[in-house]
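Heads up, there are several structures right after this.
What follows is chain A paired twice: with chain B in the first complex and chain C in the second.
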Partner chain A sequence: MKFLRKTLDGVKPNFEKGGKWEKMYFAFEAIETFLFAPNTTTAAKGVQVRDAVDLKRLMMTVIIAMVPCLLFGMWNIGHQHFLAIGQTGTLGEKFWIGIVQTLPIIVVSYGVGLGIEFVFATIRRHPVNEGFLVTGMLIPLVMPPDVPLWQVAVATAFAVVIGKEAFGGTGMNVVNIALTARAFLYFAYPTDISGEVWTYLGEGATAVAGYSGATPLAVAAAAAKGTQVVNEFNSFGSTWAPGIYSFQSLFLGTQPGSIGETSTLMCLIGALILIVTGTGSWKIIVGVFGGAYGMGLLLNILAGNNAFMAMPAYYHLVIGGLAFGAVFMATDPVTAAQTETGKWFYGILIGMFTVLIRVFNPAYPEGIMLAILLMNVFAPLIDYFVVSANKNRRLKRATV
Partner chain B sequence: MGKNIRLSKGFDINLAGKAAPKIADVELAETFVVKPTDFHGLYMPKPVVTEGDTVKAGTPLFHAKNHEDIQFTSPVSGEVVEVKRGEKRKLLEIKILADRQVEHVNFKKYSLSEMASLPVAEIKEQMLKSGVWANLVHRPFGIVAEPTVVPKSIHISGFDTAPLAPDYSFLFRAQDQFFQAGVDVLKKLTSGAVHVNIHTQSDLSTVFSQVKGAEVNKFTGKHPAGCVGVQIHHVDPINKGDVVWTISPLGVIQVGKLFLQGIYDASRLVAVTGSEVKNPQYYRTYTGASVKKFLSNNLKQENVRVISGNVLTGASIGKDGHLGFFDNQLTVIPEGDYHEFLGWITPSNKSKLSFHRAFGLLSFLTPSKEYVLDSNTHGEERAFVQTGVFEQVLPMDVLPTQLLKSILAEDIDEMEALGIYEVIEEDLALCEFVDVSKHNVQEILRDGIELVRNS
Partner chain C sequence: MSTAVAEVVEKKSEPLFSKKNRKLVSNPLDIDNPITVQVLGICSALAVTTQMKPALVMAIALTVVTASSNVIISIMRNTIPSRIRIIVQLAVVSLWVILVDQLLKAYVYDVWKQLSVFVGLIITNCIVMGRLEAFAMGNKPFPSLLDGLGNGFGYGIILLIVAFFRELFGGGAIFGFKVFEAIGFHYKGNGLMLLPAGACIIVGVIIWVQRTLNGYRETH
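Then we have the complex of A and B:
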């Protein structure tokens, strides 16, 4: 370590003011502070001691919370692959397929995103913020398993440049960056990110007889009037993967979908980590689940013979990406409501809109992405009302 | 009847090196200083003494150009040895070499019966010329109180919840009669009540709880429950246009002594605390004392930070420094000027205290453990990202994140509406401590306050 420290100290003057690579200072700073927590001390006036947490550790905690989803997602890619081609694979084989599919996506996402971050930090002369550590992991987790890598690169570049840097960098962006990447792909290359893309079949492999790659959301949306969605789920894939859309399987996540989003259970483990560490707002997470469930119940009452509306409300919580969005996307502190009361409204509205979009908008099978992006835009408005209430309490007190 | 208020938000920083309840036997410090920079709201302080002058305790040293009637006086008798100026000849401090025996300027003495019928003008005159006026702090803004204003109430915090704070029942033991006299005098300066805010469990100290003629409010809760700004917010909040005054218990006692004994008595007990002090205990001295005598042969190591005040709101003064006017605590902690390999992710060792529970920070498991914290920032300044944490350490109906952002945007109307009149630095000090993005919250707040004050 001493050698490393000496090397850093040795080259540091080149990056400081007047040094030959002065312009690259923030790039150097990012690497230096990654290797060593800095030796800066508190100012002479003000707090003399600081909390041990910093943004890096905070972001790392979120990444750790995503690990269960990532590991399960890797296994599930292999699992779905073998189901679809009608073979059986061992745990290791399934994992291997998952790793081969996922790792390049992660590498591309981090590579492109961090590259752009460093370039912007150098040009705009601000430190490299750690926010992308999380974004860079979120983007792969919301991609289909066999998404072309160039699309990942383009989407990441779009999200970081237009979604974040155009607004001034970390902390200033209006909409969630990972979802911006996903939305970009969704609207720019709709054929590559909708329909039956959620299972990795492999080069030249043929699916088993009777195979269908339709997701539960597609199945539910396609259910005919007067039928029971639950029956459709239970009978789905009976010839090649019986029970694949049973409630238990949907909850555990053994279903096709984006890499990290399929398992409600793993998302809940992540939620537990975020809530216990205080990193993610429990109000938002509970709000999203509660809002979706409440909206589901309301639709049940109004359902008539519309099958999707009549689907038991708790199914909404386990199909699609609702759990993943609620835990990892909606809780992004920069784009969420920033007031504590506002977080309730923000979460609940996301849940409600998700279900509304799912059930009533035939063009978009999944609603969570659009619901979060929509509420990202409205979060400042929610905060505005909460802050106004605070101001009014103060005014009222003055006039009494 | 006073109020009973329970505060649930806040955070106690539990540090090693609490002062033992005994008074050390050392000779008096050699030099004492009065620093105009300890006070806010003074415009161009001007010295009225020159180097070589001899002064008594209570002799005026300087006054501000905008308040020539408020005298800042010498805490001890002796010789003026230095009038220190900074850039643009700004007055920084006036240093006095103390006599062995402190002599006092004689002000008028009053009997208890005379005090009952004292006219307000006479009270103010006596307080202004003797130097005890400087103890009065004007809210909003936390500036030296304006003599021409009649505040709607006066608040005294009877306990300190800051890290390693001195025990007030020890600090003000047997000062009951002076405290009572001080309260009696102060009552005449306000149109409302004098509030003495005590901790629910501090019934042992009768100095505050038995005081007559004041509202005694009881508080429970973690830091910053002891900050007078937080207490005001719950007892008698400051609205736009309101003025309240605050004063420390020591200030009240000084007022009492001024009227009962006719002297400006700047003697005080100071708690010398912190993990790097060999014998943390109390010392008897005067306001603005040099810390040299407290620290000689009393430090565990040399690479330390010496803080006048507590670790949240204090100022680093160095080993040869002098205590601030309002401080009755000296804290010595290790200096944190080291690099830590992968320090941003390595799990907690014994020296990492955190309000958060992010990965590897396990201090929440051992809330009663005493921590040795150093002055390292544990990270670099970053953009505001985390939300909802400031709110957990501010037990007031104020939105700190929004307030700070309005200050950064220099939006005065917004600052007013969000309650900048209700807070000063110490109230938001914990926000600065817990801030993941390492902003200098107190500095930002002071900038905002000055912006509003000068608008």
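Then we have the complex of A and C:
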């Protein structure tokens, strides 16, 4: 540590005013504050309430909350791989496949994103923000396991430049950056991020007889009129992976999907960490789940013989990426509604739109991404209405 | 004092390409661009720019219509009753639009089909009406011609830039020539660029670059 400090102190004069690399000061500062606590702290006098919580710690809390999803996702990639090729693998083998698939995506996402952050910070002369720490981890978690790395790089660059820097940098973005990256891929290279891409088969491997890579959402959407979606789920994969889409399996997350999204349980553990540390808003999380469930129930009543509409509402909460989106995407403090009442509307509407898109729009099998992006755009409007309602209420009470 | 009066009487006619007149053509290319600054004619900029060829044809068609209608309205400007001026303008514009439409149909039928309704819709293009109202109604024919040409060029240049990036990234080609395949590189088309949303993003980026270069500051 001392050696590191000495090296930093040694080169520091070069970056300060009048130094050789004056222009690169903020890039240097970012590295320095990442390695060491900044020495410019609040003065001992003058401030009563102090807490060391800054953007960096907030971001690290979110990343810690994502670790269960990430670890489970890694294991699950291997698990699905061995199921699909009809072999059995040990825990270690499964993990290894997952790490080999996931790690490059994470490295690319962080490398490209932080690179752009540094360039913009240097051009614009502002400190490098920690904003990308969480985004850089969220992007890999919403990618299919075998997504081409160059696509990850392009999507990350697009999301950071167009989604964030164009609007003024960290904290100024209108829509969620990680979802911008995913939406970019979804519309730019649809064949690589939809259909049966959710299981990593491996080079030259042949799938087991009867194998199908259809996700629960695809199965539900394809269910014929008058059939029971639950029966379709339970009989899916009976020849090669019995019970892969049973409710228990869907809840635990042993199903194909994006790297981090499959396990509702792991998302709930993440949600617990976020809520206990006060990082994420429980109102939004509960709102999304409640909205989706409520919409599911409403569709059940109106179903008739449409199989997807008649699917039990609680299935909506465990299939697809609803849980992951609710916990990690919708709660993004920058793009969500800011008022406490607004958070309820925001969350509930996300849940409702998700189910609506899933059931009624055949072009988009999963609705959570588009629902969150849509509500991101509406969040300021929700806040506006909440604030003006509050104003009117207080004006009525005013006697003067 | 007598000299001052004489000067007013003997006011020299403006040279044909005075600085003021040159500005009429050059301003719309950059600081007064119809698309990126005045934000007019956005709809057709999103619709016809998936490839460069239709974009070029559209740009030429709009330039012709704007310039010619500008001239005619400018000649008529003192005789048009102001209460019915919009309908008079529309009649003149539609004359030129129909002419251009028929010409395109006759000579470049495939492009005409690709442009479909958007040639006909030049009549409602905000740039045409905007220039008639804002310029031709109050200026002489020659400056009006320059203004029409300038705005047509300003529109065209943005259209071509957008179409360049959309065709290059969306289909890996320029004017239908597959550039990436020509240098032996397999290019996977970017579907987003083929959607109107892609054009919207590119227009946004152009505005970003333009404002940075011009040192634009928002005033409240």
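The definition used in the following text is that the second predicted complex is superposed on the first by the 384 of 400 C-alpha atoms of A that agree within 3 Å, B and C clash if a C-alpha of one lies under 4 Å from a C-alpha of the other, contacts with A are read in each partner's own complex, and residues count from 1 in each chain.
In this section, contacts are C-beta pairs under 8 Å (C-beta built on N, C-alpha and C of every residue); 3 or more make two chains touch, one makes a residue touch a chain.
Just so we're clear, the structure is a prediction, and the values are computed from it rather than from any experiment.
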| item | value |
| --- | --- |
| Chain B versus chain C as contact partner of A:263, first or second or both or neither | neither |
| Partner chain in contact with A:188 - chain B first, chain C second, else both or neither | second |
| Partner, of chain C and chain B, that touches more residues belonging to chain A | B |
| Partner chain in contact with A:162 - chain B first, chain C second, else both or neither | second |
| Touching partner for A:249 - first (chain B), second (chain C), both, neither | neither |
| First, second, both or neither for A:129, with chain B first and chain C second | first |
| Touching partner for A:199 - first (chain B), second (chain C), both, neither | neither |
| Common interface residues of chain A - those touching chain B in one complex and chain C in the other | none |
| Residues of chain A that touch chain C when the two form their complex | 162, 166, 184, 187-190 |
| Residues on chain A engaged by chain B in the complex (per definition of touch) | 1, 4-5, 29, 33-58, 60-61, 64, 127, 129-131, 169-172, 276-279, 281, 333-334, 336, 338-340, 343, 383, 387, 390-391, 393-395, 397-398 |
| Contacting residues of chain C [partner chain A, same complex] | 188, 190-193, 195, 197, 201, 204-205, 208 |
| Partner chain A, residues of chain B touching it in the complex | 13, 237, 239-242, 305, 307, 311-316, 331, 333, 335-345, 348, 352-361, 363, 373-389, 391, 397-399, 401-402, 417-419, 425, 429, 432-438, 440-443 |
